[in-house]
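Each remark here refers to the structure printed beneath this line.
For clarity, chains are labelled A, B, C, D and E in written order, and residue numbers in each chain start from 1.
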Amino acid sequence: MKYAYFPGCSLSSTGIEYDLSTRETARVLGIDLWEIPEWNCCGASSGHLTDHLLSLALPARNMAIAEEAGLDVAIPCAACYARSKNTELAVCNSAEMRQEIEEVIERKYEGKAKARALLDIIANDIQAEVIKEKVHKELKGIKAACYYGCLLVRPLAVGFDDPEDPQSMDNLVKSLGGETVDWAYKTECCGASCPTTVPETGKKMLERIFESAKNAGANCLVTACPMCLNNLDMRQGQVEKTYSKKYDMPVFYFTELTGLAFGVEPTKLGLNKHFVDAMGLVNEVLKADGRRETA
Amino acid sequence: MSVNEVQQNKEVEQNWEPKILVFACTWCTYAGADLTGLSRLQYPPNIRILKVPCSGRVNPQFVIKAFQKGVDGVLVAGCHPGDCHYTSGNYFTRRRFLLMRRLMEYIGMEPQRFQNRWISAAEAPKFQQVITEMTEEIRTLGPNRKLRDDQW
Amino acid sequence: MKRVGVFICHCGTNIGGVVDCPKVAEIAKDYPGVVYSVDNKYMCSEPGQELIKKAIKEQNLDRVVVASCSPRMHEPTFRRCVENAGMNAYFMEMANIREHCSWVHASEKDKATEKACDLVKMAVAKAIMNKPLQKATIPVTDRALVIGGGIAGIQAALDLANAGHVVDIVEKEPSIGGKMAQIDKTFPTLDCSACILTPKMVDASSHPNINLITYSEVEKVEGFVGNFDVTIRKKARSVDMSVCTGCGVCMSKCPSKVDSEFEMLLSKRKAIYTPFPQAIPNKPVIDRDNCTYFKTGKCGICQKVCTLGAIDYTQEDEFVVTRYGAIVISTGFEQFDHSVYGEYGYGKYPDVITGMHFERLINASGPTMGKIKRPSDGKVPKNVVFIKCVGSRDVAKGKSYCSKTCCMYTAKHATLVTEKIEDSNVYIFYMDVRTGGKGYEEFYNRTREKYDAQYIRGRVSKVFKQGDKLIVRGEDTLLSQAVEIEADMVVLATAMVPQADASKLAQKIGIGYDKDHFFTEAHPKLAPVETHTQGVYLAGACQGPKDIPESVAQASAAAAKACGLLSKSEMLTEPIISVVNESICVGCGLCVPICPYKAIDLKTISERDHGKTIERLVADVNGGLCQGCGACTVACRSGALDLKHFTDQQILAEVNALCL
Amino acid sequence: MGNISLTGIRESNKEKLQEVIKESGGVKAEDCYQCGKCSAGCPVVFGMDNTPRQIMRFLQLSMVDEALKSNTIWMCAGCQTCSVRCPKEVDIARVMESLRILAREKGYITEKSINLFHELFLKSVEATGRVYEMGLILGANIIGMKPLKDAEFGLPMITRGKLALMPHKIKDNGEVKKIFENARKRGAKV
Amino acid sequence: MVDLTLEIRKTAKELLEKGEAKVVLGWEKGNFPYSTTPVFIDKPEDTERLIWDEYCINNLALYMLDYKHLDGKVGIFVKGCDSRGINRLVQDKQLDREKVILIGLSCPGMKDEKKAKELGPNADIPMAQKCQDCRYPDPVVYDVFLGEKQNKKVPEKIDTSDVEEMETKSPDEKYRFFTTNYEKCLRCYACRNVCPACNCKECIFDQTATGWLAKANNVSNNMFFALTRAMHVGGRCIECGECERVCSVNIPIMLLNKKIIKDINFLFGDYDAGLETEERLPLGGYDYTDPEEFM
């Protein structure tokens, strides 16, 4: 299994732990990730709000490079995935658009290289049995509210899972030996750039998500999107202060949990880099029974 | 154009009038033509209506035959899709004549000479308009020589 | 050589004022085959018709062309006229020189006259090629089949039976009654559904002219109007109907419990069961999929307790073929499956129910004895939210159409909640309130004014669970404000959709159905109960969403149409149909899928070829089904198929005549 | 509340409406039957001055300016919930996106900070090929006159190795610059 | 070209000896090096007459009609085009698939016999036009296969560049082109007689009573013949090009057939006739969504 790898800007800065844990997880699963050389920003989430053509052209360059190499593209970041998928669909659906894009990027892109969300690859392409085999440490004690956000499931043409009640991440966490909760805010928006630009609005959106997860009995949130994670993790304290609540809810990338279950050192996964302390829960998991002999 | 042809054209130009054959389905277009009459809407006297039960009955061969025999234009008209008295006849008409029209144009027949229209039993003004326009278009083109069998 | 007579009508000045009729008559004399040509003030008048008849006799005419008004006006008149003179009606052709000529070219008299000549010439050419055609008679079997034993089917059957015709009702469930049997009260009068339905069920079962064939389905339909040969599959009941008295002991002793479909899975029934206590026939069937004996070979309790020996495990499905003159289809509707709505919980919240669930919850003989309780925990709900148009008016997830009945039954439900639950609050999310119908608007107004139901204009975006409440989120579009309600129970007014197998039944019978699989009527205004297949009629919600009064009215209309057909022992058929020239037909079958009436089949014929007998396929037109559209003729490359009265030769003769 | 005159409103706004339709790739406002499902499901609706449904209503009535001046189009987070749930398959999110692009062109920027964020974002991409998040956050807050707004995160970010002090760059950014140039040649206003 | 002649003879011989087939249809050498003719073999010893070389160009499918009523099976060698012809006959109910044994041969493309005759024995003979245009050199259906499939990469869509070029001409130019060609037509009906789609029991051009086609051999009547035949094979033409090959006056008949194929692809969706036998024919049905041009 070989993919072109498009980490995207976030994964080299605020989402560094997503990059680390992705590479670790891929290594264990035997997925060969070939980082697209000299990849550029996909434009999310500003490009499509500024100019339609530009928003299609920016990801097209990366896709074109992958197409030359004959590879589909694995994309961890949900926003990067959505933008890249949009480009792929635009090129496949309209010969005119394809020509226009090719002229703008001055490269050939026929839509043959497909944009794939990393979550889709790991949770759906790889069989649950294979994941279970690789589990070295079951995630006992994890009660995850799997948070998909918007961009993995919407719009329908781009999404790979159900828009109202997606299950792929839940199934993955269950395969890893953790529990998941059924909750109503799985696909409600985290506010995207709102918490940065219009904080009062953004915080309210986040508060509702924390409330719902808490009420459902979750002890952590799991995401596949660096923007969601930043909002949920970095701003949790702000939200707690504003609404005088206490959540203490660590937020994980699904790859961090996967890596953890596969027996990778927590620091190698970047688990120590979170704002809301994650190591407490991680250590509980590591202490609990359930280590399997086959690792 | 040969000298002969030019001469011929000059001759006919004197008193030539377009002759247009209209295949009309009984239930919609024929009735629409009746309504045009009842409403006294006037149109050029250049068409001859041939009644068929359904536009689906019109064999493309009739059209070629008509041009062979010397008509200057052919219109095949029937009920709008969805309104066919026989449920689906006009859907077949549509398929057959989408192809036929293109084929005729392909061999050099001017598209104005062979037309297809949906005209309902209520569309008297449309009938009037279609006939008037088609007559004028064909008048501009002049007499049809293409596909014509000269022994007629 | 044919002898054609031409008759040019002046229609007073209608034609004569524009077209030079005497001149047309004069010119027509020179057309090939014309031996007599004359003009007259009014051809359709008594003297005009006499003129034609006289000419036929005196001039020994064998073809007649009348140039006058549209054949849509007077073709029957002139056909009768020549027939009276002993000529075949189809030897008469008309040229339309009024609507298509004088009236539309009023200021161009010369050219109109020229055109009239052409039209007459075409008609003459066609008339010469005309063949004598006879209307055939076909026998009509005096027996009707009603498919579906709901209120529409019962009504149609009763009307037919009272008119003296024998009727069979085929019902796929073990009992007749249909959806109306599940309903508690009927709007706008709030009279009890069972109280008005069950007497009709009894009437139907005891009527000497009606046979109930329950737990049975239509397997195959062959033949045509007046003579449908219908194969009915009588599913194995495992209970001998002739012996069983319906005492019910077997049902009370049966150990396997199954969710009751009639009770919308809200309570249990046994594996040997009648769907509901007032079922007709009130004799049980064994649900073999859930019966322990059929699953494991052990048990057999019902057989042991039945003192009459009515239980018969060896019964098999039985196929019966019966001939019917007419068929009434009244297969009704099903509820739209709301589990496609993820935003309403994909059907996984037990307290998000449908209108039909609600009917059972509120029914005195239902699973809760008429007390409104939440299916999840049996608590009495205080805040009840109704969501309308679930599956209706939704092109994205449901159906584009309005289901028509939901506004009224939701209003009914709202009043019942307020009546039955003290201090309850009812919220109704709607997009429009549609209350066309006698007393309907008044009922709706009472619901708001007297019963205090809160109508909120907006479509609900999401329903989700929070604790033991259901949070309902919508926009009050009149306030332009997002609103939230903490509900105890949510009732979805789900769309009416046709039976899941409606399209299959339509294909078996050979009738049309629309994109939503409702059966298509022959004409939306003027033939709303007929279908394109003669002798097949529609009643009730199988044709489109309908409430009870409409279903009953349409059922009676369908019955009246069927009575009209069955009242005669023979019927005439149009002779303008397709024919096959078997010697040319190559049997490719391309015409078969093109026929909208399924009138063409391939049959095998034997013939001698090079000294040996060979078998080959040829097309075969069923004259009872063919309606004469002629679409098949164009599909036939070799011209083996032709349409009588509009043959290739006849049309070509007209084309040729035009250009002579 | 005065009367809005609807007389002739269609004619006088014809071109503006055409722009919206073109920018949105042909989304038809008249398909909307004003059920409000979009607005009820919108996670940001409480921060908007008009509900998304009202924006559609403005367009139905050809009141394009009202739509362009609403803060709704800026508050929209682009989460697509409205489009996915719309029973009439109207792509409302795309309409919001298009209105925002047009509002920028026309200078109707009701939420300056949001617009600023996106401008800086793309500037960064054009300059370096990638987004320099540190610069973006600082820039947005400094130019937005809120220099200390998110300052509490700066240091922890840096200590966690999450914000690089220097921008990431791709070696030769000529190609990305070219993309911006080419897009501008085709009318992109960036 | 792989020499399969011996294998062909062996297979045919076995079929006849075992009684599996009563007759075998293949090719035998003609009077010239560049000619072959179809041959029916019913005795095992005659199988020596069968050959396989670069001139086995005839489409054998239509000859099956001669054995429609034979008691017993017919063995037939099929190239790509022959196999599509067989499907044509089966779909038109003119052949019982059970009654034929199809022996598949991969066709390398046959040589142009006319050119061979012109250029003489030592020249380099080009491939026949119909083979240059061929998109299915391997049989699409067979019971036995001899040799190896080439799985040649072929264009997905029929090349209609010649049709498109014609379309750009003015009406008069087009009319002149077709009439100058069809002026030559002798109405010998060789095109019809060799066409697998022309399988009527009695062709309308042979029916004089109805008056479809006058005997007089003039351009008008010839055009009626050409257009009508094109419509009759519309949606059924398997693009074998035999009509054009056998035309003694070299009329570009495929230019009409390809026009209809192109329009069907454009109007009603891509369709290649003769690939299978169950699908609805383009002119044997309709879609509600067919293009609407008649408003």
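Here is the rule we go by: a residue touches a chain if its C-beta (ideal position, glycine included) is under 8 Å from a C-beta of that chain, and two chains touch if they have at least 3 such contacts.
Everything quoted here is computed from the prediction, not taken from an experiment.
Participant: Point out which chain occupies the most central position, where each centre is the mean of Cα atoms.
Facilitator: C
Participant: Given the two chain pairs B-C and A-C, which is bridged by the higher number of C-beta pairs in contact?
Facilitator: Spelling it out, more C-beta pairs touch across B-C than across the other pair.
Participant: Once you find the CA centre of chain A and the CA centre of chain B, what distance in Å lies between them?
Facilitator: Taking the mean C-alpha position of each chain, the two centres sit 63 Å apart.
Participant: Where the CA atoms of chain A average out and where those of chain E average out, how many Å apart are those spots?
Facilitator: Distance between chain centres, rounded to whole Å: 56 Å.
Participant: So what's the Cα centroid distance for chain B and chain D, whole Å?
Facilitator: Distance between chain centres: 54 Å.
Participant: Report, in whole Å, the distance between the mean C-alpha point of chain D and the mean C-alpha point of chain E.
Facilitator: That pair's centroid distance is 59 Å.
Participant: Spell out, as numbers or ranges, the residues of chain A touching 2 or more other chains.
Facilitator: Answer for chain A, listing residues that touch two or more other chains: 163.
Participant: Touching two or more other chains, which residues of chain D qualify?
Facilitator: 46, 81
Participant: Could you check chain B for residues that touch two or more other chains and list them?
Facilitator: 60, 65, 88, 92, 96
Participant: Who touches whom among the chains?
Facilitator: Result for touching pairs of chains: A-C, A-D, B-C, B-E, C-D, C-E.
Participant: Looking at the complex, which residues from chain C come into contact with chain A?
Facilitator: Touch residues, chain C against chain A: 341-343, 346, 462, 464-467, 471.
Participant: Please output the residues of chain D touching chain A within their complex, sorted ascending.
Facilitator: Touch list, chain D to chain A: 23, 25, 43-44, 46-47, 75, 77-81, 83-84, 91, 93, 97, 100-101, 104, 111, 113-114, 117-119, 121-122, 124-125, 129-131, 133-134, 137, 140, 149-150, 153, 156-157, 160-164, 168, 170-173, 175-176, 178-180, 182-183, 186-190.
Participant: Could you list, by residue number, the parts of chain B that touch chain E in their complex?
Facilitator: Touch list, chain B to chain E: 60-61, 64-65, 68, 81-82, 88, 91-92, 94-110, 116-118, 146-151.
Participant: Using the touch definition up top, name the residues of chain C that touch chain B in the complex.
Facilitator: It comes out as residues 70-72, 96, 98-101, 103-108, 111-112, 114-115, 118-119, 122, 512, 520, 532, 576, 594, 596-597, 627-631, 633-635, 643, 646, 648, 651-652, 654-656, 658-659.
Participant: In the complex, go through chain D and note every residue touching chain C.
Facilitator: The touching residues are 33-42, 45-46, 50-51, 53-54, 81, 85-89.
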